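First chain A sits with chain B, and in the next complex the same chain sits with chain C.
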Partner chain A sequence: MTALIDALLLRNGYNAALVAIGAAVLGASAGATGTFLVLRKRALVSDAVSHATLPGICLAFIAMTALGGDGRNLAGLMLGSAATAGLGLVLVEWITRRTRLAEDAAIGAVLSVFFGFGVVLLTVIQNLPTGKQAGLQGFLLGSTAGMLYSEALLIAFGGALAAAAILVLRRPMTMVAFDPGYAATAGVPVRTVDLAMMGLVMAITVIGLKIVGLVLIVALLIIPAVAARFWTERSGHVAAIAAAIGGLSGYVGVALSASAPKLPTGPMVVLTCFALFVISLLMAPARGILARALRHRRFQIAVHRRQGLLALAHGEPVIEPLTLRILRRAGLIRADGVVTEAGRAQAAKALIDARRYEIARRMHHEEAIAGRLVGLEPIETVLTPDEIRVIDQRLGVPRSV
Partner chain B sequence: MSAEFVQLSLVPLLIGTLAAMACAVPGNFLVLRRQALMGDAISHVVLPGIVAAFLITGRVSTWPMMLGAAGAAVVAVVIIELIRRIGRVEPGAAMGVTFTAMFAGGVLLLEQSDTSAVHLDVEHALYGNLESLVWLAADGWASLGDRAALADLPPELLRMGMAAALVLALTALFWRPLKIATFDEGFARSQGIPVRLLGFGLVVVAAIAAVAAFDAVGSIIVIAMFICPPAAARLMTNSLERQLGWSMVFAALAAILGYVLAGYGPGWIGSPHAVSASGMIATISGLILALACLFGPARSRLSAPSEP
Partner chain C sequence: MAARQAPTLAASDGITRSAAPDAETAPGPLAIRGMTIAYGEKPAVFSVDMSITPGSMTAIIGPNGAGKSTLLKAALGIVPALSGTVTVFGRPIGEMGRRIAYVPQRASVDWDFPARVQDVVAMGLYRELGLLGWMRPRDRERVRDCLERVHMAAFAGRQIGQLSGGQQQRVFLARALAQDADLYLLDEPFAGVDAATEAAIIGVLTALRDAGRTIVCVHHDLSTVSAYFDHVFMINVSRIAEGPVATTFTAANLQATYGGRLLAAQIRDLGLGDVPRPDAPCPAPLRS
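On to the complex of A and B.
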């Protein structure tokens, strides 16, 4: 536990702190980019891109050792991975455009074939004299243990660069994601923006290789975006919330992974992210399950209360148990079912309001359609006193009930 | 040479071929229905189920693992449906959320539990151990008639054979309704075919093939074989029957060529070390698909303009 707190408070040394901050920046960039990706319905293209990095990593390692350098140089490995990731992306586009195969088949084909070829190269490297300690397996699921200072710096710097690019591109990306046709007429170069978006995805994949790993980086792009959807209906806010969720997942996930052995970094980041997703799904005030259930319950109570009061006003018996319970709890009827003084007054008010609403719906068609005149609230909370006076004139003199 | 071949290569070749064909057959329908990534999702989500089954029983045994995998698949389907309904997001994103989280959970379980005594780790899950499925009791082709030697065959062979037979039998049995429902769902419904049930059944069959193959050869082959041979076959012909035939030929070709190249290929260029057979099989299937994309007689959309 203290190890976790130390990690969270960045007390595990300069390197660990840099890695945690780098992971947070990376997660934030991934969350924001993922929002546009999910809105554009291209979430799984990033899965093909991330799996296509594996052969590039291996080829870069082989090339660097063959040239007599250090095969584990992170910048070189990143460059190699970006090359094959780009090739994979081009192939997905090419297959979808030039053949009759759909995009999902193209994604799956590129993903599995590139990854398979990468595995072949991994076994080749294992058999090289220098390959025994290559540690390239760490790129599959991420591993931050024993990361060098220069590597941590590279990751933090790369993440910051990606974040800056998102800030610059956020307006055109939003437009293209929502309505490519409109964006085109408004003079936004749709293809270029799409390319830039996929370029960002590639950059995030490559930067995230060491932390999250190539098998799971797609989670950091998709999950925050989907989780953020529960909190708000506005696109700008979705991207910001997704960035916050992604950043928090990166930071906490890396800290968790550092706090104890046998906690691989990539899965820890992804599971933290998924936990935040579940919290959003349940708790978010806008569209979460709990908020929805509460809203539904409030609506149910309002309907039962009004129907019960109208029944009382008409002198009809109330039988429905939930209605009885609601009226009793509000002190409108007694335990034996007899109407109280307050109940009589409220029933009369409900009856008048119901008549007033009826007339109001005839007078204000648009608002009736828009659902403002459903008639569950006291009418003075919906209409102005002047409007009610006009309605009352049509209604005639209120009768006593 | 031949004794060594029977001992070391015959069984992996057979298992690889059976696994490839068992995945390719349902893959034809998945590709046509634009559910190609189902194979990707299935092969990720079964991991926590398999690890959980191992943790409960403490052994690597078939049926608990199959049950665990099936349970995990059902959980995944429920979560995907839940996220789609409540979150109103596209199915691809809902799938992405589910399979990455479940795979991460599986990896964490695996790392946390002590599986060093048995052959169960992340690398195994990803790219299998096709090369290790050797038939030690065999000493030549004559062993095929020897009861004692046959009893020593790796159990994966029988399991994979049964899975492949089941997949083929079910496909043959439901061929007509499957074909109609795949190409024209509305018409199928008007003919009284239970379309939703059929779609669910297809996913279940795919899952059976995936889990059986996953156990023997790892998830890369599963994903590659669900997609590459059927996709290549689709570019060869317009008839579904012929497409199925092509896909099985391609799957078998990829499995055999891939295995041979991985095992003997490095020797031809003077390297004593074999490379990963699973990876090589996936690579060959990709090369076949690439050739089909370039030269397949039915590669282009007939009249449809290219999508924007």
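On to the complex of A and C.
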């Protein structure tokens, strides 16, 4: 536990702190990029991209070793992985365009073939006599143990660059995701924007290989976006919240994996991310399950309360059990059903408000359609005193109005 | 191509051409020459010419599947043409895109998309805001104003999926208004819109026209063509007729556009006089 707290508070030394920060930056840009990917309905493409990196990593390792260098040079491995990831992406595009296969079929084919080829290469490398191949397995599930200062810096820098690109492209990416046909007529170069988005996904994947690993990077792209969707109805806010969730996941995940030996980083990051998703699903005020249920219940109570009060005002019997319960609990009727003093006062007020609302709905037609004048709240909370005065003047005039 | 020699057409074309010397100095807002578009092997639009008069309000009419939407899309360059050219204010469409605003017939968008009504309208400001520009108070004001013009201001903060079909249509119209274009291409803006809103939208469009903008509208309600529009373009895969409503929106041309499907009684209800008898020589012959 203390180990975890130390890691969270960046007390494990300069290097570990930099790794945690690098992971946070990576997570943040992955969350934001993923948002646009999910909105464009192309989330699964990222899975093909990430799995297609494996042969590139292996080939780069072999090439660098053959040239007499260090096969584990991160920049070199990133370059190699980007090359095959790009190839995989082009293949998916080509298959979808040239054949009648749907994109998901193309993704499945490319993903498995590239990954299979990568695993074969990995086995070949295991049997090489260089003795330095140990680090490569870490790219599958992510590993920050023994990460170099320069590597952490490279990851943080790459992540920051991607974030800057997202900031510049956010508007066209939103427009293309929402309505590509209109975006084209409004002057957005749709194909270029799509390409740029895929380029971003590739960059995030390649940068994130070391920390999250290629098997799970797709989770860091997708989960923050779907979790963030529970919090807001605005795409810009979704991206920002997804960035926060992704950043937090990266940071906490790295700290978790540093707190115990041999914990792979990727799964820790993804599990943290998933925990944040569950919290969002349940608790988010905008679209979360609890908030929705609460809002629905409150609405139901307001409807019944109004119905009940109007019935009291008209001297009609209240029959519905829920209405009775609500009135009783609010102290508006007694247990034996007799109206209390407070009940009488509120019933009278409800009746006046109902008449006022009826006039208000006729005066503010648009607001009425927008559902803002249904009449569940006390009218003072919806209309200004001046507006109410105007209505009351009309109410004072006899029927002819 | 026999249609071009039809007497009615010659008359309407004559009127268009009488404006031609002027049009050469100030090129028309939209000119289409020899446009053919095919989905697969079957042409949706065949060898169509169109020249829209500056500052006019033109209705494109024709039966379902006549190629109206396709023609608009071709004018915008979003469907590839088999052959033909489009010029907008005398220049290729690629250079003039910023002067055109378009409202599609049915927006096929993800209605659960995280965007509020005002965010969708703000998309119309893309060309002005560019990549990095933030929305200024002035821009917000404009978005609000466009929503008010289509009577949707009360819905500004709603998520876009929480609207009825007609309301969604009005939001897309507001988005086009926000573009502040010189040429508006609208594909059935009145489809599914209530009577009060239809009147409001026509008011907005007429005001735009009076301000010198050009409006082109695919329109299905023949009974309102004369009231709403000053020009009409009749199409059924190829062009049937084009010109001012007064001279072009005739019983003969309607018959040629809609064929036997338009009942004589319907045409009579439009107050366009007698329907030519089927055996009488048809002024604007049907396509073979």
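Everything below uses one rule, namely that the second predicted complex is superposed on the first by the 353 of 401 C-alpha atoms of A that agree within 3 Å, B and C clash if a C-alpha of one lies under 4 Å from a C-alpha of the other, contacts with A are read in each partner's own complex, and residues count from 1 in each chain.
FYI, contacts are C-beta pairs under 8 Å (C-beta built on N, C-alpha and C of every residue); 3 or more make two chains touch, one makes a residue touch a chain.
If you're wondering where the values come from, they're calculated on a predicted model, not measured in any experiment.
Partners chain B and chain C, brought together by superposition on chain A, fit side by side with no clash. With both structures placed on the common chain, the touch criterion links A:V238 to chain C but leaves chain B unconnected. In the superposition on chain A, contact of A:R229 is made with both chain B and chain C. In the superposition on chain A, contact is made by A:T99 with chain B only, not with chain C. Set against each other, chain B and chain C differ in how many residues of chain A they touch, and the higher count belongs to B. Rounded in steps of 10, the angle chain B-chain A-chain C defined by Cα centres in the superposition reads 100°. In the superposition on chain A, contact of A:L122 is made with chain B only, not with chain C. Contact with chain B, but none with chain C, is seen for A:G266 once the two complexes are overlaid on the shared chain. With chain A used as the common frame, the shortest Cα distance separating chain B from chain C works out to 6 Å.
Residues 41, 229 of chain A contact both chain B in one complex and chain C in the other. On the chain A side of its complex with chain B, the touching residues are 38, 41, 43-44, 47, 95-102, 104-105, 107-109, 111-120, 122-124, 126-127, 137, 140-141, 180, 215-216, 218-219, 222-223, 225-226, 229-230, 262-264, 266-268, 270-271, 273-274, 277, 281, 287, 289.
Residues 31, 34-37, 39-40, 83, 86-90, 92-97, 100-101, 103-105, 107-108, 111-112, 122-123, 126-127, 220-221, 223-224, 226-228, 231, 234-235, 262, 271, 273-276, 278-283, 285-286, 289, 293, 296, 298-301, 304, 306-308 of chain B touch chain A in their complex.
Interface residues of chain A facing chain C in the complex, by the touch rule stated above, are 39, 41, 168-169, 171-172, 174-175, 177-179, 181-188, 229, 232-235, 237-238, 366-367, 369-370, 372. Contacts from chain C toward chain A in the complex involve residues 76, 78, 97-98, 100-102, 104, 107-110, 113-116, 119-120, 123-124, 126-127, 129, 131-132, 151-155, 158-159, 172, 175, 179.
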